[in-house]
Structure formats: C-alpha cells, structure tokens
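Both of the next two complexes hold chain A, though its partner changes from chain B to chain C.
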Partner chain A sequence: MNPLARTLVWRGLITALYVFLLAPIIVVACVSFDTRPYLDFPPRSLSLGSYAGVVRNHVFFEAMLTSMLIGAIAATCSVVLGTMASFGLVRGRFRGRAVFAWFFLSPMLAPHIVLAVGLMMTLQPLGLLNTLSGLVLAHIGITLPYTVRIVSMGLSRIDPAWEEAARVHGASGGKVLWHVTLPVLRPNMLAAGMIAFLISFDEAVIALFIAGRHATTLPLAIYEYIQFRTDPQVAALSVIVIVVSLLPIIVIERSISLRRAVGS
Partner chain B sequence: MTTRLMHRMLLLPGLVALVVTFCLPVAWLLHMSFMPEPDSPPGHAAISFHAYAQVLEDGFYWWVVWQTVRIGLVVTCLTVPLSFPIALFLSRSTSPWRGTLAALAVAPLLTSTVIRTYGWMVILGRHGLINRTLLGLGVLSMPVRLDNGTFATIVALVEILMPYAIISILGGMGRLTVELEQAAALLGAPLWKVFMRITVPLALPGLLTASLLVFVLSISSLVTPQLMGGGRVFVLSTEIFSQTTQALNWPLAGALSTLLLALFGSVIVLYQRAARRLEDPA
Partner chain C sequence: MAETIPPAADAFLHVRDLTKQYPGSPRPAVDRASFDLGKGRMLALLGSSGCGKTTLLRMIAGLVPPQGGHVMLGGRDMGHVPLHQRQMGMVFQSYALFPHMDVARNVGFGLEMKGMPASQRNAAVRRMLELTHLENLADRRISALSGGQQQRVALARALATEPALLLLDEPLANLDVKLREAMRAEIRALQKRMDVTCLFVTHDQDEALSTADEIAVMSEGVIQQIGTPQDIYERPANRFVAGFIGRANFLPALWQRPGWAEVPELGLLAIAEHERWQGTRTLMVRPHAIRVRMGGDMTDALRACTGHVVDLSYTGGRYGCQVRVGPYLMETELEAGTRLPIRGQEVQLDWPAHRTRVLDGTP
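Coming up: the complex of A and B.
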C-alpha cells in the first residue's frame, strides 16, 4: 500500500470511529428539531416545538431545578471537604498517610449499583429516602474521591519556596494561605467543583434507588419518560442537558484539561 | 495545636462523609444479605444464609452471572480494539485541532448515560435510523428488531465505555514513541510487524488498564441493560434492581450485590497480578 492510500485508510478509520462515538449525541440533536414522534432522515420539518414542550413540561422543569440544586450543593461541599482532606494528605507528615490517601480514593472502585443498594438500605431507616438531603449526601460521597484527587494533584505541584518567600516577608499563616496557596490552587478547585457538579448532574443509578416522587433528578425523569416513549421532546431536553453540561466541560478543559481531570 | 495534629484534623470531615456514604452502606449491605427471608416469622434467627443458598441453588442465578460475565467480556473485546486507534491518533497528531479532538473523545464521558442510551434507542429502534435507511435503500422489506436485546445493550455499552478506554490507553503509552516504530520500519519490518512487535507491546500497560476498567464498568452498568434490554437482558445489576425495588427481597438483593462485589474484587486481583508480571517479567 502506498503512503497516500495508507493515510487515507487511517483517516477514514479515525473518522468512522469518531462518528460511532458521537452518533447518539448527533442523532439526539437531529431528532430534537423534528416534530414527528420518530426519527426520519433528513428531518422533513424543522421546528422548535419540542423545546417549547420541554419548557411547558412541569415534571422536566422541576427535575432540572432539583438536579441543579443538588449538583451545586454537593459540588460545593465536596470541594470544601476535598480541599481540607488534600491539605492533610499532601502536607501532613503522620503515620498511615498512604492508607488514608488510598481510602479517600477507594469509592472510585466501588460499583455504583452496589453503593446504590447499600445507600438505599442505610438511608431508609434514617428517613432520608426520597429526599434532597439523601441525594446530596450520596452525591458528596461519590464525588469526594474526584475532588480529593484533583485538588491534591494541584497542591503537590506547588513549590514550597513561594509560601516560604511570603512567610519570610512577614505574612502570617492565614495570609499565606489566602494570598498565595489558594490562588495557585484555584484552577484545580474550580475543575474539581465542575467535575463534581457534572457527576452529580448525570448520575442515574443511585437516583434510581434513593430518589422518588418527592425528589426526582433530571436523569431519573428522562429515564422514566423514555421507558415508555421516545418522542422528540425528550431529545430536546437532552440537548438542553448537554448544553448545560458543556459550560463546566469547557471550564475544566481550560483550567486543567479534561483528560487530567477524569483520567487516572 | 501542633501542625501534625492539625493535618489529621483536616482529614476528619471528609472521613466522616466517606464513612456515612461508603463504609456504612457497604457494611449494611453485607449485614442485610445475612438476614432471613422477608416473610419468615420475626425473631427467628439472627443470621441466616438463606439468601446465599437461594442464589447457589437456583440455576437461574448461575445463568445470570454467566450472562453478566459474557456481556462484560464481549464489550471489553470490542471496546478496547476500537479505542486503540483513537488513542494512537490523539497521541501522535500534530494538528491544531488535536486539543478539540481529544476533548471530543473524552466529553461523551461527561454526558449522561441515560441520554446516550436514549440516542442508541433512536438509532436501533424499530423506526430508527438504521431500519429506515435500510428500508429506504431497499435492503430490507421489513424492519428488523435491533433494539430490545443483548445486541443493542452491547452496542450501546461499547460506545458509552469507549472514552474510559481511550483515556486509559493514552495514560499508559508513556514508553511508546514514533521514533521506535520508524526505526523498526527503517530496518525493513513490514507495517503489521511494527504494529504487533513494537506498538502493541509498548501500549500493553494502558490496554490492560483499559480492559479492566471497561469490564468492571460494563458488569456493573444498570441503565443501559435496563433500557436497551427491554426486560429481556438479565444481568446481575438488573436482577439486583428488580429484587430491591419490585420484589422487595432485600436479603437476596444483598447477596447478589455481594456476589457482584466478589466478581469485581477477583477481576481487580487478576489485573494486579497481570500488571506486576508486565512490569517485572522475571
């Protein structure tokens, strides 16, 4: 095979794989502008009717607000707890530090389905099933490993000389933290918060077990809807969700790069 | 207060959160799996192996475990080879679009599994993209059932898990450089030989991590088999879900979850053995 043909085959393969990878998202976007209850290519009529339908749909609207609220609270708590723990883990010089570090990351390895069953059994006697607090608590748990890892990553890269310099010039411990350490750490804390928000916003398995009529998250509302129907309204909603998720994704990519945020 | 103590105090709130949301649920789950069956008279026995006996005696659950492992293996064997070219491409590309393309390969990870599964329902459905196209081209005279089954579950899972595999493979390609491949090619090795003798062996750590991750995520996935399976795909996770929420047999759900955890644990141990052998072949 000559080099030109080889390049063409290679490019074709990569393009095909990208099409496969992005197919469901592209298809959902196309259907969202169609008015008929099934997909046909090319869409014969384009309209924003499905989007108007989503806005008028109370179930979707409330679920969207619930999900955003849960995501915001869980992400904030997770970043605060995660940053505190990162200082302890990265700066601390006590015995068993490695064990603690491992423990903080271990929930990443636990299958969500198993966690979900356990959480359901734990939250039920506490009366936290089917409540916002229960969902926030669960989401802090599943996002904490990510925030600890991302903030620790930033903290271990800080040159101690910077803090030393500030201290030599007479800054107090609190001032060093506020004016030197935390500003340097800001991209990582921001990315950690965004990842935590996205994980919470997209989480469906745990919600299937511990959420209910009184506290329905958006993925759960979509799940329940598409069990029976696959009309364009849910496609329009999906596009809205993807657009909402896009902003955090861009922030993460700009601050510490997506690959480092989600990768191992 | 000494700094040493302060550093330990900083861990405390996070530890409490993890104990409540992680340790306690797992412990409670194990405890629950040793409870007697739900409709037995109360105060009978403190600890019962009834749920485990039920799982071991019923041929159906053996079949469910086999289905879970089989789907996991098929998904892994498809996902990793399909992700490898994208990872290779991203690690070598010098195009100005490289950053965007890398983000595009990873971003699906951050869009809801429910939405991507819905996308596959639309593509594979009875009136979906594939059926309509094939009917329109005259290849088919009747729509074929692509959705509602193992096939649809596998296709959707492969696509959903590809970003994880791409990231893992990229992360494990440290020792692999284009120069090594060029050297082999200069010495006269044909393309396939360069690929099999240089590219694959050097990417092996990443490929191994990707396989572990994809297998583990696919055997514990619930949303995709539940929605794509149309009630006809029986894996451990769907069985756990129906036992918890419909049959309300929590001991049985606990026992099945423990089984899934055991499966998880053994795969991770196998992976660590393989990874160690890879690093130290002696």
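Coming up: the complex of A and C.
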C-alpha cells in the first residue's frame, strides 16, 4: 500500500471512531431543536422551543439547583477529607497504611447498585433517607477515592526540600503548610473538586435508591420525566447538562491536565 | 578527643561532639564532630559522598536531630531553639525554590515569615536582587530560570534575612565547570561583603582549597583534620588526608636516626622528623616538590634516587612524569617549556627534607 492510501485509511478509521463515540451526543443535540412533541431523528423543523420549555419547567430547574448544591457541598467536603487522608497515606508511617489506602479506594471498586442498597439500609435507621444530607454523605463516599488519589499524587510529588527550606528560613509548621504545601497542592485540590462535582452531578443509581421527593437530583428528574413523556425537552436538558459539565473539565485540564487526573 | 574542649575565645559557631547514627546503619553517619569557627569566616566541609558532611550540616541547621553533642551560635545554645527560629540561611543542593512563587517572593520569603511590612520588604528584596544581579528577573517564575539563575535566587533567599550563619549544601554541584568557577568567586565575594559566617559542604577539593578560610576533611563520619587550606595541603594530619587532597607519593619509612629514615630497597632519605618511631610509617612527598634531573650530575648523590621514566603526560601548562625508582612508582611534575626526558630515560629525583612528611601507618 502506498503512503498516501495508508494515510487516508488511517484518517478514515479515526474519523469513524470519533463518529461512533460522538454520534449519540450529535443526535441528541439535533433532536433538541426539533419542534415535534416526540423524539425522532432527523428533526423536521428547528426552533429553541424545547430550551424555553426546560427553563420554564420548575421541576427541572429545582432539580438542577439541588444537583448543583449537592455537588458543591459533596465536592468541598470530599476535597477537605481527601486532602487530610492523603497526608496520612503519603506522609504517615504507621502499621496498616496499605489497608487504609484500600479502604479509601473501596467505593470505586463496588458497583453503585451494591453501594446504593447498603446505603439505603444504613441511612434509614439514621433518619437520613430521602434527605439532602443523606445524599451528600453518599456522594462524599463515592467521590473520596478520586479526591484521595488526585491529591495524593500531588503530595507525593512535593520535594521535601521545599518544606525544609521554608522551615530554615523562618516558617513554623503551620506557616509551612499555609505558605508552601497547600499552595503547591492547589491545582490538584481544584482538579479533585471538579472531578468530585462531576461525579456527584452525574450520579443516578444511588440517588434513585436513597433520594425521595425532598432531594430530587437532575438525573432523577430526567429519569422520572422520560418514564411518562418523551419530547425534545429531555434532549434540550441533556445538551444543557453537557455544556455545564464541560466547564469543570476545562478547569481540570488547565490545572493538572485530564490525563493525570483520571489516568495513571 | 574524648573530653570536651571549651570553645575558642573568638568562636562564633561552636560545635561539640555532634553525633548521629541512622537506624539500621552499622556505624555513625557523624561521629563526635567538633570544631570552632570565627565570625565572618568560611569553613568547607570536604569529603567524598557518604562521608557524613551533609548530615553534619543538616544537624547544625536543625533539620536532623543529633543523638549527642551541641551547637552554639553567637553564644546561644541551639539545642532547644526550634529550627525556624535559628536565624540561618541555607542553599540546598536542589536549590528547593518554591515553584508557586516568583523570584521576588522567593527571595523575600524569610522576611515575610519574620513579619516585615511589605514596603520595607520590597526594598530589602530589591537590594538582594541587585547584589545577585537578578534585578531583571524579579517577576519571573522559577521554572523559567536557568540553573545558574536558580542558584543565584537560592543564594539571595538565604542571605535576604541577614542570617547569623549561612549554610551551603553542595551549591555548585549542578552547574557546569565554567559557571561553577564564576559562582564560586561570587559566593565568596558576597559572603565577605555581608560578613556572614559560612559553612560550605563540598566534595570538590579545588572548590574547598580556593574558596574557604578553613577546611574540615571528613571521612566515614569523622573529621580527620581541620585547618587552613595551606595546613591541609602541606601538613596533612594522616594518610587519608594526604591521599584525599591533591596528589602525593607515599613510601614506607623506618626510623634510622634524627633527620634520616630508611626506605626499603631505596636507602637513606633525609626527613624533617626528629623524633623516634617504631615500625614502618609513611613518608609523603608531593609531586611538585620533587626535582627531576637528567644527565650525570650526581652531587647530592646521597639524597638522589635514580630511576627510569615510565610515562609522560601533558596536563595543561605542565607535564606529569611517572618515574620507576626501585620497586616504587613516583609521580613528579615538570614545567612545560623545560627540557623534557623521554620514556625510558634515566633521571635523578631529589627533594628538600622539609617538603617531606612522616604519617602514621603504612602506605
């Protein structure tokens, strides 16, 4: 095969791969502009009517606010706890450190459906079922593996000489933490927070089990909506969710790069 | 040196019996290190890697807790002074500059920690940046600096607080040769100008000999000798120091009579030593103290050893000449431009008695 043909085949393959990955999103985006009251592709005529419908739909609007609130609180708590855990796991010299490391990663290993059943049985006697607090606690649990991992990675890259230099040049233990260690970790903490927010914002299975009328998140609202109706409003909402999710991803890429945040 | 010696009258830094043994290590990393250093003077801790020089420096800084001994700085016992209140400045081997701050904030870090108001601090930082020729780089990020520039920033940060003691841990090890020599002179000039007492860890004997007021040679955790560069070079205290600093010839020597030693298979040699010793000791002669003569001029025949040239190599400005004398291979030096022997030629070697030195132990 000559080089030109090989390049063409290669480019064709890559294009096919991207089309395959992006096709659902493209279809959803197209459908969201349709004027007909049911989901069909391709759309006949285009308008922004579905978007107006979403904004006017107070169920969606409140669910969106709930999701953002839960995501923000869960992400903040997860970063604080994850940072503290990272100090212990990276710096600590104690027996059973490996066991603790596995403990913090365990929520990532169990299927969400299993966690959901367990959480339901745990939160019910505490009176936290169908509450915002219960959902926040659950989301802190499932996001901790990610925040611990991302902050630990940053912590293990800190040159011990930075902290030594700070101490020699007059910084007490607390000032070293405040002026050197935490600022150096800031990009990792920011990325960890964004990942945690995304996971929480996107989470449906656990919310389905432990959240009721008082804590309807956006994925739940969408799920409930499409059980009874299938119109382009759902598609419009999906596009909004995608756009909202892009923002944290850009922040992560800017702070520590996506590959480092989610890969090895 | 079992008993504790009181500090010298003019000692500013006073170190006594500092000892550190890391867990799981068969011997101490530093074993009862003691020395005194006058105000404004520069001491080089010289030794090969693993000799304990960095551990000694870190104990004085307070970064490593000693198991025994004490440090006094300006008459104050440092034993109970927390590390951040010791008023020291330190340049780390990796420079350890804060990556999230620009050059000016790095330099001003110590003053910021002291709580100096920003306006005063800015003036002090600007002065330090001028002294280290960094004025134009004040708002650069650390990652945008070359190795030599980082070195200057580290030095400026260490000196900005006008510390009582400046500690340098192999500060020039990561620079190339030309830059290293320039920085060496610059560090020395700055240290004198600010009149700061300085401790300098290095494995490079040229650096120690050319820069420091005093040198402490360390080996296996023990300070082998402390003295001026001339002392260390001309009058080494033992076989280790003599071999570590510069090049030297070592011959086995037996006591003959005052002023004379017998070297097996070579005969009698004049020495500067007049006290009797037992058994075999080591006679040291530096290569540049040896005169190499060609042809039959055999006056002073008693002291002259006759040998054959084995090798001749140019070392820049001079030649290194190896001569086999009996069972011994002697290193000598010849100025470039003088008449040179050829390989295999017979030559006579001699040297003045006062340039020899008798050391403990066999060669």
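One rule holds in what follows: the second predicted complex is superposed on the first by the 256 of 264 C-alpha atoms of A that agree within 3 Å, B and C clash if a C-alpha of one lies under 4 Å from a C-alpha of the other, contacts with A are read in each partner's own complex, and residues count from 1 in each chain.
Heads up, the rule we're going with is that contacts are C-beta pairs under 8 Å (C-beta built on N, C-alpha and C of every residue); 3 or more make two chains touch, one makes a residue touch a chain.
What you are looking at is a predicted structure, and each value in this text was computed from that prediction instead of being measured.
Enquirer: After the chain A overlay, clash or fit between chain B and chain C?
Expert: fit
Enquirer: Looking at A:Val180, would you say it contacts chain B, chain C, both, or neither? Reply first, second, both or neither.
Expert: second
Enquirer: Under the stated touch criterion, name the partner, chain B or chain C, that contacts more residues in chain A.
Expert: Answer, by number of touched residues of chain A: B.
Enquirer: Kindly classify A:Gly88 by the partners it touches after superposition: chain B alone (first), chain C alone (second), both, or neither?
Expert: first
Enquirer: Between chain B (first) and chain C (second), which does A:Ala161 come into contact with in this model arrangement: first, second, both, or neither?
Expert: Once the two structures are laid over each other on A, A:Ala161 reaches chain C alone.
Enquirer: Quick check for you: in the superposed arrangement, does A:Leu17 touch first (chain B), second (chain C), both or neither?
Expert: A:Leu17: touches chain B, not chain C.
Enquirer: Which holds for A:Ala171: it touches chain B only (first), chain C only (second), both, or neither?
Expert: Touch partner of A:Ala171: chain C, not chain B.
Enquirer: Could you work out the angle between chain B and chain C as seen from chain A, using CA centres and rounding to the nearest 10 degrees?
Expert: After superposition on chain A, the angle is 100 degrees.
Enquirer: On the A-aligned overlay, A:Thr131 touches which partner chain: chain B = first, chain C = second, or both, or neither?
Expert: neither
Enquirer: Look across chain B and chain C in the superposition and give the shortest C-alpha distance you find, in Å.
Expert: 15
Enquirer: Under the definition above, what is the set of chain B residues touching chain A in their complex?
Expert: So the residues of chain B touching chain A come out as 4, 7-11, 13-15, 17-18, 20-22, 24-29, 32, 82, 85-86, 89, 99, 101-123, 125, 127-129, 132-133, 156, 159, 162-163, 167-168, 170-171, 191, 209, 216, 219-223, 227, 237, 240-241, 244-245, 250, 253-254, 257, 260-261, 264, 268.
Enquirer: Can you list the chain C residues touching chain A in their complex?
Expert: Against chain A, chain C makes touches at 61-63, 82-90, 92, 94, 96-100, 109-110, 112-114, 157-158, 161, 167.
Enquirer: In the complex formed with chain C, which residues of chain A make contact?
Expert: Interface residues on the chain A side: 159, 161-162, 164-172, 175, 179-180, 183-184, 186.
Enquirer: If we count contacts the way the header does, which residues on chain A are in touch with chain B in the complex?
Expert: Per the stated touch rule, the residues are 1, 6, 10, 13-14, 17-18, 20-25, 27-28, 31, 38-41, 77, 81-82, 84-85, 87-89, 91-94, 100, 103-104, 106-107, 109-115, 117-122, 137-138, 140-142, 144, 148, 198, 201-202, 204-205, 208-209, 219, 222-223, 226-227, 230, 234-235, 238, 241-242, 245, 248-249, 253, 258-259, 262-264.
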